[in-house]
Structure formats: C-alpha cells, structure tokens
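Going by the order they are written in, the chains are A, B, C and D; count residues from 1 in each one.
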Amino acid sequence: MSFTETTTRLTHRGALAMIDAAVARAEAMGQPQCIVIVDASGEVLAEVRMTGAKFLSRRSARAKALTAASTGAPSGAVPEAVRTAIGLATDGAMTGLPGGLPIRVGGVLLGGIGVGSGTGEQDLEVARAALAAIGAET
Amino acid sequence: MSFTETTTRLTHRGALAMIDAAVARAEAMGQPQCIVIVDASGEVLAEVRMTGAKFLSRRSARAKALTAASTGAPSGAVPEAVRTAIGLATDGAMTGLPGGLPIRVGGVLLGGIGVGSGTGEQDLEVARAALAAIGAET
Amino acid sequence: MSFTETTTRLTHRGALAMIDAAVARAEAMGQPQCIVIVDASGEVLAEVRMTGAKFLSRRSARAKALTAASTGAPSGAVPEAVRTAIGLATDGAMTGLPGGLPIRVGGVLLGGIGVGSGTGEQDLEVARAALAAIGAET
Amino acid sequence: MSFTETTTRLTHRGALAMIDAAVARAEAMGQPQCIVIVDASGEVLAEVRMTGAKFLSRRSARAKALTAASTGAPSGAVPEAVRTAIGLATDGAMTGLPGGLPIRVGGVLLGGIGVGSGTGEQDLEVARAALAAIGAET
C-alpha cells in the first residue's frame, strides 16, 4: 500500500442534486422529511428540513447518514442484538433505524444519506430517489 | 397581547432557493463557501458545504446564522467590546464574525443565513445574493 | 499504604509497537480496523484508523479500550444485564462490545486496547496480536 | 461541475510513516510531543502521545491539525485579530497556535498534521519532518 491513493468524492453539485430529488419525492408522497448527506468521513455536505417535518428527525437522519457512510450498508442492517450497545459506544452516531443508505458510485463509497420524519419505508423511498438522481447504486 | 398571534415562516422551498442562489454566486466568484440557514428559533433549515470550502467554516457559518437570527442584525454588528464575553456565554453560538445576515420579509424576522470560507466581504456578498433570491430585505 | 508507590507505565514506543503489530495482523486478515490504545487513566496514547475501516468504529474502539483499561478485563466481560445501564451512566465510555482487552505486563495494568470494524472475533485477534508484540499477558 | 470528482487520500500507511518520522525527530530533539493527523474532512487518521508530553497538548495538536486541514495553510497563519472569535465560533477547533501544517501531495490537500508540547518552532520542525517522510509539500 502506498502513502496515498486515488479515490472519488461527491461534489456539492451531486449533494444538491440528491437533496432536490429527495425533496421532490417527499413532496409527491405528501410526507415532509429531514434529509442529511455526509461525506465518506462523516462530515455534512448538505441537509434540509422540510416544512412540517419533525425537527428532531434532523438528528436521527444525521445518525442514519453517518451509519450508512461508516458501514457502507443500510442503517437498518445493524444487527438488532447490538443496536443499543453500538449506539451508546458511538455517542448515538450509529443507529439501526431504517432510512440511511450508503452513497456508492462505481463501487466507491462516497458517503451516506439519511432521511427521517416518515415511516421507515417512506424514508427509504426518499433516500433511493436521491441516489438515483446521481446514478448511484441503489 | 393575545395568547397566540399570526406570524410568517420560511419554507424549505424558500431555504433551498436561498441555497441555490448562494451557491451560484459563490461559484461565479470562484470562492467555495459553507452556507447555513436557520429559522427564527435557530434550528437549521438547510445547509451546504461546497467542494473546496473550509470544513470548519460550517461551524462558524452556523454561528453567524444563529447570531443574525437571534439579534435580527448582521453578525458583524455585535460590538467589538463584548464579542468574546458573548461568545463564551453562548457556547460559541454568538459571534461577531461578518457573514451572517437576518432573513426578514415584510418586516418579519424569519431566521438567519451564515456564510463562511471566503473573506468577510465575499461571505456577505453571497449572503445578500441568497436574500435577494426570495425577496428578503437586504 | 504509603503516600506514593512505584508503578509501571506504557511508553509511546510500546504503544506504537502495538499499533504496528495490530495493523500488520489486520492487513494480513484483509479487514481494516480502527485501533485505539489508552493508558491506565484512560487518556489516549496512540490510535490509527486504517484505510477502509468504519470511521464510527474509532469511537467504539475507544470505548472498548476505556472499558478494558478501567476494569482490567475484556470489554466483552461486562455482564449483559447491566450493559445499557453502565453505558448510559458513563456517557457511552463503558461498553460490552467485544474487542477491548486490558494491557497488563508483569501483573500491572497499564491501560487498554480497543479494536473495531471487524467481527468481534476479528477485533479480538488483532488486539491479541498487539498485546503479544510487547510481551503483555494475553 | 460533475456530481463526483476524482481526488487523492492519505492511507494509514502514509499516516503511520508520518507518525514514525515525527516521533524520531521529537526523540532526536529531546522534546516529547503529541502528534495528530486528520484527513481532508477532519476525521482523525492517526495520533500518538509521547512519554512525557503534555497530555492537554493532544487537544491543541488536534485543533492545529484541523485548522491546517480546513484552511490548507499553517495554523499559525490565522490572523491575530480574529483568532479568539474564530476559536469560539468553531468550538475551539480552529486555532492560531503554530504547529499545524496542511498535508498536500501533488497539489491536493489530503488533511493536516498538528504537533504540540514543545515550542512553536519545535512543533513545526516535527511536523515538517513528518511531511517530508511521505514526500508532501513543505
């Protein structure tokens, strides 16, 4: 392994295209959402809290995004048996709540998106719409 | 005073229109920025960290937005003599750094926008472009 | 008991030898890891986040190291029945997640090592390799 | 601007080579140091606290590394006039203390290194030795 290696990152154009697509889908389903996008190190790239969304869902959406970006898997895939333990050991950053998906383009993990305020299935539908908008794997 | 009263709030459509205008202006000036918009209670409505912006400016941009939303005045208007004291007393949320402006429409204070990563003047130019996009007072 | 007594502490040379051995083992098993070493007071001595490791595992690896250093036992030995209560009462610092081991040389507790990003068994294998590198008890 | 773009990142091999070179230089000068390396989003990659170093310097070294990684400039370049304000507005993450340098290879900003426990000049000498070890710009 070399000292450095080439990788790919998500631009703000990509993040904002995801936000726009997520908002459009949430509006279409009539369920306001909080949507958070983080990069591959967990630093926030973009977020929005839609009118009428639960304001605390901004926090859980961030945890969902962090979980997906860190593990490279949906937040809902965190095993039930360790959810409380891992949540406690990570200051609440790691969660098993559904609604977080990794952002992966060309096989490279670029970060994560977390959506919260609806049902788990609504959250995931909005997250998937965002991924599709930039041609990310869904 | 009655027990309740009518007010106005900024929607996510308004916040996203501000983000888009701010990003366009920042791209035009060639200075990537962190842009944060908070509501009249200081809760984040939308934010973006542009590619190449200083990631710590996300924190200072949030402080600028909070300051402007709380005071109804530009963050740079906090008097020099009390800046450190007020910063300490508010866990860093109140700042005298320029780049935060109140969002006021029809005389009603709706929140604040904070911009950071450029010079103070660049930050303010981007914040003003965002306000203009929704017809807010500048 | 006297007012003072002689003890033993882990040097940075010891901590870095542990890090190197842990990284070598993790590379050999093809599972990138976060590895954290703390002293007998819980203060970090050394840490590394390997390329491809889960970034949130840096937090849980630290909790594992703290738990092992504090209790002088593997983190996984925290009784199931009290894990959530103890995690809550210690701001998440004490965890029952496996992957944390005490660092003990000549019967003296010098600190703890925490490893995270793999399975519990992988985490422990890496931690044991680190202990072996400095002749610590395993 | 596309949704994604190619970039370069520092591997753990690069970060550990920096740590080793920094420790060797600090040992040679007889001044134990705290050394922290963060990636381009500020997430810690590696750190060490040398025997005899000031344990609180671990915190300031992290702030120096974050400052350099965020601004792409030495931490000591933060203008005197705004140091307190920016420190407050970033939860102490941004500092004007010398000893933080950006990690830049082939013109790409990969993160930052922060060194603390010696004089400002000693801290910088150790940071420069670390950069040289991976062929980064100094």
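As a convention for this text, contacts are C-beta pairs under 8 Å (C-beta built on N, C-alpha and C of every residue); 3 or more make two chains touch, one makes a residue touch a chain.
Not measured: the values here are computed from a predicted model.
K.L.:
Based on the averaged CA atom positions, which chain is farthest from chain C?
P.N.:
Farthest by centroid: B.
K.L.:
Taking each chain's centre as the mean of its CA atoms, how far is chain B from chain C in angstrom?
P.N.:
Roughly 43 Å, centre to centre.
K.L.:
Measuring centre to centre with CA averages, how many angstrom lie between chain A and chain B?
P.N.:
So the centroids are 25 Å from each other.
K.L.:
How many angstrom between the C-alpha centroids of chain D and chain B?
P.N.:
Once rounded, the distance between the two centres reads 30 Å.
K.L.:
Can you list the residues of chain B that touch 2 or more other chains?
P.N.:
51, 55
K.L.:
Mapping chain-to-chain touches, which pattern fits: line, ring, star, complete or other?
P.N.:
If you draw each chain as a dot and join those that touch, the picture is no line, ring, star or complete graph.
K.L.:
Going by the contact rule set out above, which residues of chain B touch chain D in the complex?
P.N.:
27, 51, 54-57, 59-60, 63-64, 83-84, 87-88, 92, 95-97
K.L.:
For the complex, which residues does chain D have touching chain A?
P.N.:
1-14, 17, 39-43, 105, 110, 134-135
K.L.:
Within the complex, which stretch of chain D touches chain B?
P.N.:
Contacts found on chain D: 1, 5, 40-42, 66-67, 69-72, 82, 84-86, 88-91, 93-94.
K.L.:
What residues of chain A sit close enough to touch chain B in their complex?
P.N.:
9, 11-13, 15-16, 19-20, 23, 32, 43-51, 55, 58
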